[in-house]
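Pasting the structures in now, so scroll down.
Look for chain A in each of the two complexes below; its partner is chain B in the first and chain C in the second.
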Partner chain A sequence: MTELNEKPGTRVGRHTGTVGPGPLNGSMQTFLSEVQSDLVQGMLSPRVLNDPELHQVELDRIFTKCWVFVGHVSEIPNNGDYLLRYVGEDQFILVRDEQGEIQLLFNSCMHRGSPVCRAEKGNSSHFRCPYHGWIYKNSGDWNGAPQRARAYRKFDGADWGLRKAPHVDSYQGLIFACLDPDAVSLREYLGDMCWYLDVLLGLNEQGMTTVGDPHRWAVPSNWKSGADNFVGDAYHVIALHQSLEEIGVLGGDVARGVGSNFHVALDGGHGLIVTHMPMPEPLGYMGFPPEVHSTFDLKGLDADQRAFLDADHGVVGFTIFPNLSFFRSFGATEPGKPPTTFTLLRQWQPKGPENFELWNWSLEWKSAPKEFNDAAYRAGVSSFGPSGIFEQDDTVAWAGGPPTGRSVFARKTMKFNYQMGMEGMGDYAIREDWIGPGTVSTTPWGEMNQRRWWHQWADRLMAQ
Partner chain B sequence: MTVEQVITALPSVELERSCIQFLYREAELLDNTDYSGWFETCLSEGLEYRIPIRTTRVRTSRDAEFSTTGFHMTDTYGTMRTRVNRLLTEHAWAEDPPSRTRRVVTNVRVRELGPDTAEVKSYLTLYRSQGDTTEYDLIVGERQDVLGMEDGAWRLRSRLVLLDHTILGTANLGVFL
Partner chain C sequence: MQILVDRGKCQGYGNCAVAEPRVFDLDENGIVKVLVDAPSEELRDQVKYAVLDCPARALHLEG
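== the complex of A and B ==
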């Protein structure tokens, strides 16, 4: 039987290599150079919060280049466990394959692009495409097709597995993927953030696990507003979250960060808000009560990391560039009730330039008593998440980005002020005596972390 | 189930009417942003209020769509009081200016559980619009309630809201379902 190729002699095709990011046009180059020089002056164009063209460049040069968070190891404990997850706006299957390896498979059949997985969660050894029935193993490998002997006799299945992230790795239970084949390792990408992830999540061998499924909800704002808030914005708490002080669930001292909060800026655009809060007895590290902190062995920590904890330091929030954030704090669900310490991961998932989806995971210590974990879960959900009495108000504040960013008038006449704490502005200064890595401030009344995050953003968009 | 069984399982007209009136009054108070009126006259001190997170699953595992461990809200009488007190401050920005809401409560099914308790299931379609826009959010789901008769009036003892959303299409749950 002869093949019915369009032209006689045409060879069956194979894939070509991956394509790098497209070139930036001249006006985009000019705009991004301006962003960089503006940032040095502590200013930022509103255009960054709503521009379809810029958004496309972000998807191309940030989300296909950076290590992006896709889940927690505890969400897929068994071989075959899968979840639908996103890198930028693309849907992937995060799955633990039959060898126990974590894979991130592009959810699109190699035949015509039909989704091969349509449940958001489950367990399966294979994914079968509904359209013509091509079958893929949960490692992504091509595994067969109907009528194979007659239809695909000469077919090389090795070429036609699902596209997958070339790199998937985890650190302290957090799974990240990178779509760039030439990427640096995850450890290198996280850099000094590893030091802080150790003291936050690695206090004993069991570590932390996710509770329930993540919250997901649609927020009418640009994804970068969330990243910008969590990388360093301790300032907004006094004003935006004033209602919580008024009803007595947030101490005024905490809101004002009296001598207790400061910034740590790390290379790579990552940044943290660190707290220094002496804990009343019998609370231990980061405010965990005895039944919890007695389960911490600190075996994985070095002397400096232990000194950080011994000196009553904690981390209230961080952002890992580009879009993963963290929150840990005390919270009481009712005034007068004892506060409990809860831990959250949150991700700002882009959905076009004007909207993002907020994903919120609660974490609990595997070693902690159930009673404590239940109370911490409730405290977390009542503070953050769609019904959270903190976060409800944040979503309102962030809604200002898209209308301002699209405004012709704003683009011509307006720059956002990012000058807090700059030279001569206040008493914000760089601290020299710090036990951990990073550039550290004396107070929270500055915007070093935010400026650094945006510098990283602009650098990434302009990178050759 | 035979026709006879269905008929004997029907709630009395008084019971059904009083439960429906409770749901309507509750919706009216909330749509009129009378949060403290709602809190004081509709909620039982033993309240358990939960909105489980929903995740798309294949049909064969349909029962597991609603999480038993993850919730958009998991509240008690005390935490509801915190929420209501917050709404009454001048800095609860999510609902100030307040949303224009309309709670359409339908498909009410009442089952007597005991002399002073009733299971009441209803469908809720909540229209929510805020600010100077024609845009609005719809929050839709089934509510499975238990009402208890306390001092001659129904009070909400438990509510489980089963949403028709996996990803919530509203910026926050600053409104009660």
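== the complex of A and C ==
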């Protein structure tokens, strides 16, 4: 039987996907070339913080090409556990399927595009579209449609499963996905960051786990401002977060603390702010107290990684390109109380060029006593999160990006200064005697990491 | 409690599998597959709901 308006012999089609980014137009190419040459001189156009066209190019050439963080393994421990997560601005279902494999399924029915999953989290063996009832297994495979025997006799279900990320993998509990079928492996993408993830998250076999669900809130700023800050900006702490010192929450000498930081820049645009802070007795690695330190078992680390810890090093923050950051430092649960080391994962999720959603996960050691973990959680959410005092400072400052970025006047007359620490500026130099991988600075008073992050950004947007 | 299923009537709506995946599943053709013929009493409410929810009236509950 053929429908009236179809030509005889019409066959059912198969969807064939297209890969690869669309072409850049000439004016965009010219602008990005300028960005590249500006960066060499330590300058950056404000346009990068608010431009709808540029934003589309980012979604196309960064978020569909890079490995992007989508969750922590502890968030989906059982088969069927799922969460709604984002790569760029696209909503996906992160799910552990019936075989125990982690999948990242595009939350959009192959029939009419309605979301097949309407809950933020849960457990399900199947996802069924509410519109017409098409059903998918939690592996993404097509599993049926109502009235199939009457309506879809020639149908090959193998072609019509949910679209999914071709690559999903994890490292030290962090799950990343990549939408590019031709991508390098996650290990290769993270490169030397793996070395640092080991010393931060792999201090024993049990590892770290998320505490509850991530806090999420809207920030009127461009997502790149968060990535830029966490990849290397130790400079802002003394000025912007001074009030924390004043009210006694930091309980120490902030300037001296920041002064002991330095940068580690890695290939791929990843970068860290490393600390060198000898801890008063009886505190252990990175300020963890004895009841936590004693649960660490470094047998998964190599000699250099152990030397890093033994030399009183830690990491206060990092950014994995493009939009995952990390924070580990101290905070008091209330003014006057002793500081507690807490650990956060932070993600800058784009929502158009002038807004992002900030996602904040608290992490705790599975091996640590509950009392310590509770205090660390309170210290963490008091510092970062919708009510966090660091957060309020940072996000107010970052909100300056979009109005400047869209200003015609600013685009004609301004370049941001990214020259701190460039040659002749000061004593910011490259250290040769470093025990770990990466290019390492002598002081925090430079912007090598930020410039390299932006170079990576521009290079990826320009890539053929 | 015993579940009776008429697979010939099933039209693959999948409501049952969504309502109670511990008892109902779908086969490779999207047709109902009962995993447990006589589910335990604590699942009664969910199973009852799944049976009532079948638009093709392919499921019945006895006992």
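By our rule, the second predicted complex is superposed on the first by the 450 of 464 C-alpha atoms of A that agree within 3 Å, B and C clash if a C-alpha of one lies under 4 Å from a C-alpha of the other, contacts with A are read in each partner's own complex, and residues count from 1 in each chain.
Note that in this section contacts are C-beta pairs under 8 Å (C-beta built on N, C-alpha and C of every residue); 3 or more make two chains touch, one makes a residue touch a chain.
Keep in mind that what you see is a predicted model, and the values were worked out from it rather than measured.
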Clash or fit: chain B and chain C on chain A? fit
Mind working out whether A:Ile135 is in touch with chain B, chain C, both or neither, as first, second, both or neither? second
Chain B versus chain C as contact partner of A:His126, first or second or both or neither: second
Classify the contacts of A:Ser382 with the two partner chains as first (chain B alone), second (chain C alone), both, or neither. first
Going by the contact rule set out at the top, does A:Asn143 touch chain B (first), chain C (second), both, or neither? second
Applying the touch criterion given at the start, work out whether A:Pro437 contacts chain B, chain C, both or neither, answering first, second, both or neither. neither
Have a look at where A:Gly212 lands relative to chain B and chain C in the superposition and call it first, second, both or neither. first
Of chain B and chain C, which one touches more residues of chain A? B
Determine, under the contact definition given at the top, whether A:Thr333 touches first (chain B), second (chain C), both, or neither. first
Which holds for A:Gly161: it touches chain B only (first), chain C only (second), both, or neither? neither
Aligned on chain A, what is the least Cα gap between chain B and chain C? Give it in whole Å. 10
After superposition on chain A, the chain A residues reached by both chain B and chain C are none
Quick one: which bits of chain A touch chain B in the complex? Just the residue numbers, please. 118-122, 211-220, 240, 242-244, 246-247, 249, 333-335, 337, 357, 362, 377-378, 381-382, 385-389, 391-393, 395-397, 399
Spell out the residues on chain B that touch chain A in their complex, using ranges where they run on. 51, 53, 55-58, 61, 67, 69-75, 78-79, 81-83, 85-86, 89-95, 166-174
Which of the residues in chain C end up touching chain A in this complex? 11-15, 17-18, 21, 25-26, 28-31, 55
Taking the touch rule as given, give the residues of chain A at its contact with chain C in the complex, in rising order. 80, 124-126, 128, 133, 135, 143-149, 157
